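Before anything else, here is the set of structures, which you'll find just below.
The same chain A turns up in both complexes below, where it pairs with chain B and then with chain C.
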Partner chain A sequence: MTAPALSVTDLRVSSPFTELLHGISFDIAAGERVGLIGESGSGKSLAATSVMGLLPDTLTATGSVRLGGVDANLLTAGERRLNQVRGNTMAMVFQEPMTALNPLMRVGAQIAEIMTVHRTQPSRRQAQDRAALLLAQVKLPDPAQAALAFPHQLSGGQRQRVLLAMAMANDPQLLLCDEPTTALDVTVQAEVLGLIGGLVADRGSSLLLITHDIAVVAQVCQRVLVMHRGTIVEEGLVGQVLAAPQHPYTKNLIAAADLSAVDDRGRLRTPTSAPRTRIAPSRTGPSRIEADAAPPVIQPPRRAAHQRLEPGGPPIIFNEVVGEPAISVRNLSRQYRRNGGRLLAPKQIVHGLRDLSFDVAEGQRLGIVGESGSGKSTLMRILCALDQPSSGTVDVLGQPLGGTSERQLREFRRQVQMVFQDPMGSLDPRMKVRDIVAEPLQHVGRAEILARVQAQLAAVGLDADVMDRHPHQFSGGQRQRISIARALITRPRVLVADEAVSALDVSVRAQVLNLLAELVDQYRLTLVFVSHDLGVVRHLCDTVAVISDGRIVECGPTGDVYDRPLHPYTRKLISATPSMPDLVRRSAT
Partner chain B sequence: MVLVILRRIGIFATTGIVASIVTFLLLAILPGNAARIALGVQATEADVAAQATAIGLDRPAVVRYLDWIGHVLVGDFGTSAVSRQPIGPDIADALGITVILVLASVVLALLFAIPFGILTAIRQRGPDGAIFSSISQIGVAVPGFLAGLLLVTVFAVTLRWLPAGGWVDPADDFSGFIEHLILPAIALGSVQGAVLSRYVRSAVLDVMRDDFMRTARAKGLGTARALFRHGLRNAAVPVMTVLGLQIATLLIGAVVIERVFSIPGLGSLLLDKVALRDLPAVQGIVLVLVVFVLVLNFLVDLAFTVIDPRLRSES
Partner chain C sequence: MTAIRPAKSSRRAVRGGDATLRVGLVLIGLVVLAAVVSLWWTPFDPEGVFSDLILLPPGAEHLLGTDSFGRDVFSSLLRGAQISLLVGTVAVSIAAVLGVPFGIVAGMNRGRLDQFLMRGNDISLAFPALLLAIIFGAIYGAGTVTAMVALGIGTAPAFALISRSGTRQIMSREYVLAARAAGKNGLFIGVRHVLPNISGMLIVQASVSFGIAVLAEAALSYLGLGTPPPTPSWGRMLQDAQGYLFIEPLLIVWPGIAIAIAVLGFNLLGDGLRDRFDPRMQVKR
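This part shows the complex of A and B:
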């Protein structure tokens, strides 16, 4: 057997206060593709940055990192030696394509630089030529022109292709990728993953792919390492680990990621350590509130018609409800004006939403799925009266929106509440949890506020003693629970969630999804759930609308849309996100 | 690119017009009458009224403004209310001196701030970094006129290396000109340099944390090379913003420093004319100072578009 491309032995990383990586060891054979999965904080990125010798100054690494053909322990090698190896024998692609390129330099020159630095091309001219060739290999249209572009002129997916071209420029033995597709749309993600696999295979390079997403590993890698709290808890062939995980943590991780496996109540399996969220109506609080909020009339669950938008066909009213829908949108358009190219040129009109019509029935759970720029966030903002339609009508709970004053919207604001994506940024860091949760309440006495906040926190599975703490003292999942408590305290009838679980680790995601499902049932909410993640929508929603380029292209009962998609865009989206059973089947063969 | 520059020129012209109106109005509403000042306190009301008619003070403000600005645009700043001499040549001479002084001090400030700021950023954690930081902290705290007096005491009075004040025209005696320029330029530039070095330091620290610097190191560039090839140009963007803002402060400083070193620049001229209550001259000088700031800011804006391609895009 030949020497491994990468050999890591007893790698330990410590901060001045504590040890973060507890002695991990693994080898990667020449040409082998290995995935490293784990949740945030598990130390997987630390492992890769240690290999590259790019740890922050405050952290120290011990152990040994050896690269095939380099007779030095990279952890103790000098900076000069590392500079010869980095970018040449091993290269790395980082997570954030938006910020990983120098904004002031043409991308072609940035790619050429990695060749001139290592003198792998005889001249700058030839390095530039090869840069264009590399851009063609990562399938950028018009590579010669793309080489002259500045980073801000490229999309996220295009920038990640540029970074990939850069990393592969010197045909490295080892390519490290740290969450290379996490920031990208699902269809772009599939393309970039395909490229990574292809480029590595062509050059015979080895790959270490770091991700939190088991699906990504299953698509690209042969072997997988599972990291948990700074140690590798399991390793094996991808098919084996997915189909028959051995370690309890791996079992939990895979179970939580699998949104198709539910118990008899339709709830996801969550890590055993976390207590199941119980919604115990406490002694006095909720029952009394229940009494003064009129229980909404719930219609029996209805099945939406399964329809698609025909090219050039007439506009369709999707999911049309007979009687009184909770939300009714007709011919909604939203345009933005952008400064034209020339000084006196007319402003360009950018279409955010084009002629949208749909209903949401009371008690329905509508998922809105789309990629970035599709208009889904604009739609959400309009439904919450945070933005105005350019034309068309929007009625929510009988209240027409658009041109309405904030005073007229007071009751609307009580009945329609939101949960946002970023559990970090959407809570005021200087407010206590009790004040955050109580803020939407108006004209309510102090004692009642306290009782309701307590009851609401209990309902989202948080103890009453969290009330006097500040948001930074909580994890992402806990913060999202606080956001949900804040949204539900006014006893709304409609809950709008924008990517509410996208920033969470899979095990936490499962808990929050279960909580949302419980609460929607208990409070009889009408739910509009906006997400880029098809799996999450399939699990949580009974009806799904697929939105692309400002239009709904397909809408129907979730199962029908996923199993028998009518529109080509929906098909593309669904094929880009294989379900867990698909992955197991695929990687086993 | 061309359109971006045209737009900037448009903004520059508009600001200039507004500034001239404001200058004119400020001096028009100030108490004190140019006609009475010209004639002295002994003059009778009738004499003052006649004088007002003679110098056109009885016309409406709009007409007077247009008359004034029309002449200014062709370089005619009118005549002094006190000396009856044209103001233009005086302003031109003084402006030349102030421009040299301000530019010299900006160059000195940058020569100090850029290396010093980078050094304190790189040596952030070391003891030398702390020492450098405290030096620049002291520089920030010392006012320019005090620095000027200290410099004069040490280098002019005690060591007798350089003259204590005055001005020599470079055309007459170039080495004398340089000798006379050194101390005031240092006095004026040191404070700006100290302030700027703080901004250079924080800009470099920020840029060293940027993702693209990590990319550069992952490509195999050493820390220093990554900083010089990728970091500094990016760090220049926020530093230039501060530089633009500092220019106005620098001119105020120049007024004081010119006094300390007896330099016949715009600042000295302004103070002289204010003391004489020579309103037409004051009005002209203030306008020139304002336009000077605008021109420098305009140049900073242009430099931005050269450095940062994101500002060049025309959409």
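This part shows the complex of A and C:
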């Protein structure tokens, strides 16, 4: 066997206070594609930055990192030696393609620079020619034109292709990708992943792909390393690890990622297999608000009609409800004015939403699925009266929205609450948890506030002693629990969740999803769940609307839409996100 | 669902700004100490005139010598710290009280109101604080109060600018959206969400403005538009010493050093605080 392309032995990384990586060792053979998976804080990105010699000065690394053909330990090599290797023998693709590119340089010049710096092309002219060739290889349409573009003129997926072209410019032996597709839409993600796999295979390069997403590894890699708390807990062929994980952590991780496997109560398996405690009953007793809530009518799950938008066809009222729907949207449009590209250019009109009509029945769980820029966040804001429709009508719980004053919305605000995506940004860092959770309460006495905050924190599974802490002292999952507690404290009838679990680790995601499902049942909420993640929506929602380019293109019962998609866009979306059993089957062959 | 305890907050690495911060605090500490001590004790009466002991060189009895009226220079320096700190504190407070609400209102109401307020702010920015103080002195008569008010008004636009930019950042955060979704009005959002979260930048701005105000007070007193005699002020000590530059050059050095220490102290404090607050505006406990 030939020498490995990358050999890492006993790599330890320490901060001044504690050791972060506890001696990890692995080899990557020439031409091998290896995935490194782990959750946030597991040290997977530290491993990559150590290999590249890009560790921040405050951290120290020991051990050895050897690259095939380079007779030096990269951890101790000088900056000059490293510069010869980086971008040449090994290259890296970063997560965020916007910040990894120089915004003031044409992308073609940025790619050519990599080659002129390492003198792999004799002249600038030839480097530029090759840059165009590389852009063609990463399948950018019209590569000659794309080379003259600035990064902000390209889409996220196109920028990531440019980064990939830069990384492959000098035919590196080793390509490191750190979460290369996490910032991308699902359909784009699939294309970029395919491209990475193809390019690496063509050149016989080795690949180290770092990600939190098991599906990504399964699509590209042959072998997988599982990291947990600074150590590699399991490694093996992808098919084996997915089908028969050995380490308990891997088992939990795979179980949590699999949204199709549920227990007899329809809940996901979570890594902490601790016994489930009953949700503590509210200590306030039957409060005024609970007393005047409508008596729960357990409706038989209403099956929505399964419809699609025909090209050029008439607008459809999706999921039309007979009687009194909780949410009723008719011919909703929202346009924005955006500054033109050039100075003094006339303002352009951007269509956020175009002629949307749909209903949501009381107690229904509607998932809204779409990619970035599809208008799903705009729709959510309008439903919460945080944005105004340009035209059309929106009625939520009998309250018409649009042009209504904040005073008229008081009752609406109590009954419609939202949960946001970013568990860091949605909680004020300067406020204590008790104040955050109590924020939506109006005209309630101090003692009752305290009691209700306590009860609500208990209901989302947090100790009462968290009340006097600040948000930064919590993990992402815990913060999202606080967000949910804040949303539910007014006992709303409608809950709007915007990508509520997208920023969470898989294992935590399962817990938060279970919690949401549990609370939706308990409080008999009408749920509107906006997400780009089809798996999550399928698990949580009974009805799904697929939104693309400001229009609902398909809507129907979740199972029907997933199993028999009518619209080509839906089909594309579904095929881009394989389920866990599919992955196991595919990687085993 | 089992109860979950909050994650331990991670300890933060030592920052480079800490040294700056410490030096700044020590320098300011010296000035504050001088001001506080001189409330009760100075070696000699700083306003006492001894015509037989004029222009003495530094010595055992008069630590830094005496000036042209025979006043003890060291005592005057200690007492002068009071005026400097008083002017700085009052001027910065006036500036913050005027500028911060102005900036927050502008930042929270994007559009016409924002444009209107900020163009007005730009106009007032065009008048330097020192010029304003000279004009005020000419109209209302020179004095400490006039100087403080004028410097306060003159520094307010800087506070308005920085509050507005901070406010606009905070307004795009999801917790503000959450507050709006909870039906909270603008006043609540401004006071409970925006103000605490921009306080970091405001503290930085305040410490820098403080240094500027101390310097401006000295300049005004030097011009005869600040603190009236006989109250000792560093600026007027400079002016008095000017006439004896070739007879007793040290007289001009002492107040100069005092002003330099105070201004440098506040600027270092500002820099140090900026390093602390800027990377991530988080609560420090």
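Quick note on the criterion: the second predicted complex is superposed on the first by the 558 of 589 C-alpha atoms of A that agree within 3 Å, B and C clash if a C-alpha of one lies under 4 Å from a C-alpha of the other, contacts with A are read in each partner's own complex, and residues count from 1 in each chain.
Rule of thumb we're sticking to: contacts are C-beta pairs under 8 Å (C-beta built on N, C-alpha and C of every residue); 3 or more make two chains touch, one makes a residue touch a chain.
Given the structure is predicted, the values throughout are model-derived calculations rather than measurements.
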Q: Overlay done on chain A, so just call it for chain B and chain C: clash or fit.
A: fit
**Q.** Partner chain(s) touched by A:A447 [first = chain B, second = chain C, both, neither]
**A.** neither
Q | Which superposed partner A:F94 touches (first chain B, second chain C, both, neither) | A | first
Q: Determine, under the contact definition given at the top, whether A:V322 touches first (chain B), second (chain C), both, or neither.
A: neither
Q: Go through the superposed model and pick first if A:V466 touches only chain B, second if only chain C, both, or neither.
A: second
Q.
According to the stated criteria, A:Q153 is in contact with first (chain B), second (chain C), both, or neither; which is it?
A. first
Q) Touching A:P429, do we find chain B (first), chain C (second), both, or neither? A) second
Q. With the C-alpha centre of chain A at the apex, what angle separates the C-alpha centres of chain B and chain C, reported to the nearest 10°?
A. 30
Q) Is it chain B or chain C that touches the larger share of residues in chain A? A) C
Q: In the overlay, answer first, second, both or neither for which of chain B and chain C A:Q421 touches.
A: second
Q: Determine the nearest approach in Å between the Cα atoms of chain B and those of chain C after overlaying the two structures.
A: 5
Q. Chain A residues touched by both chain B and chain C?
A. none
(Q) Under the definition above, what is the set of chain B residues touching chain A in their complex? (A) 3, 6-7, 125, 210-212, 214-223, 225, 229-230, 233-234, 307-310, 313-315
Q: Spell out the residues on chain A that touch chain B in their complex, using ranges where they run on.
A: 52, 54, 57, 79-80, 83-88, 91-92, 94, 96, 99-105, 113-114, 117-118, 150, 152-153, 163, 166, 338-343, 348
Q: Could you pull out which chain A residues touch chain C in their complex?
A: 15-17, 58, 272, 274-277, 279, 384-386, 406, 409-410, 413-414, 416-418, 420-422, 425-431, 435-436, 439-440, 442, 458, 460-463, 466, 469-470, 472-475, 477-478, 481, 483, 486, 490, 511, 514-515, 518
Q) What residues of chain C sit close enough to touch chain A in their complex? A) 1-9, 11, 13-14, 173-175, 177-185, 192-193, 196-197, 199, 281-283, 285
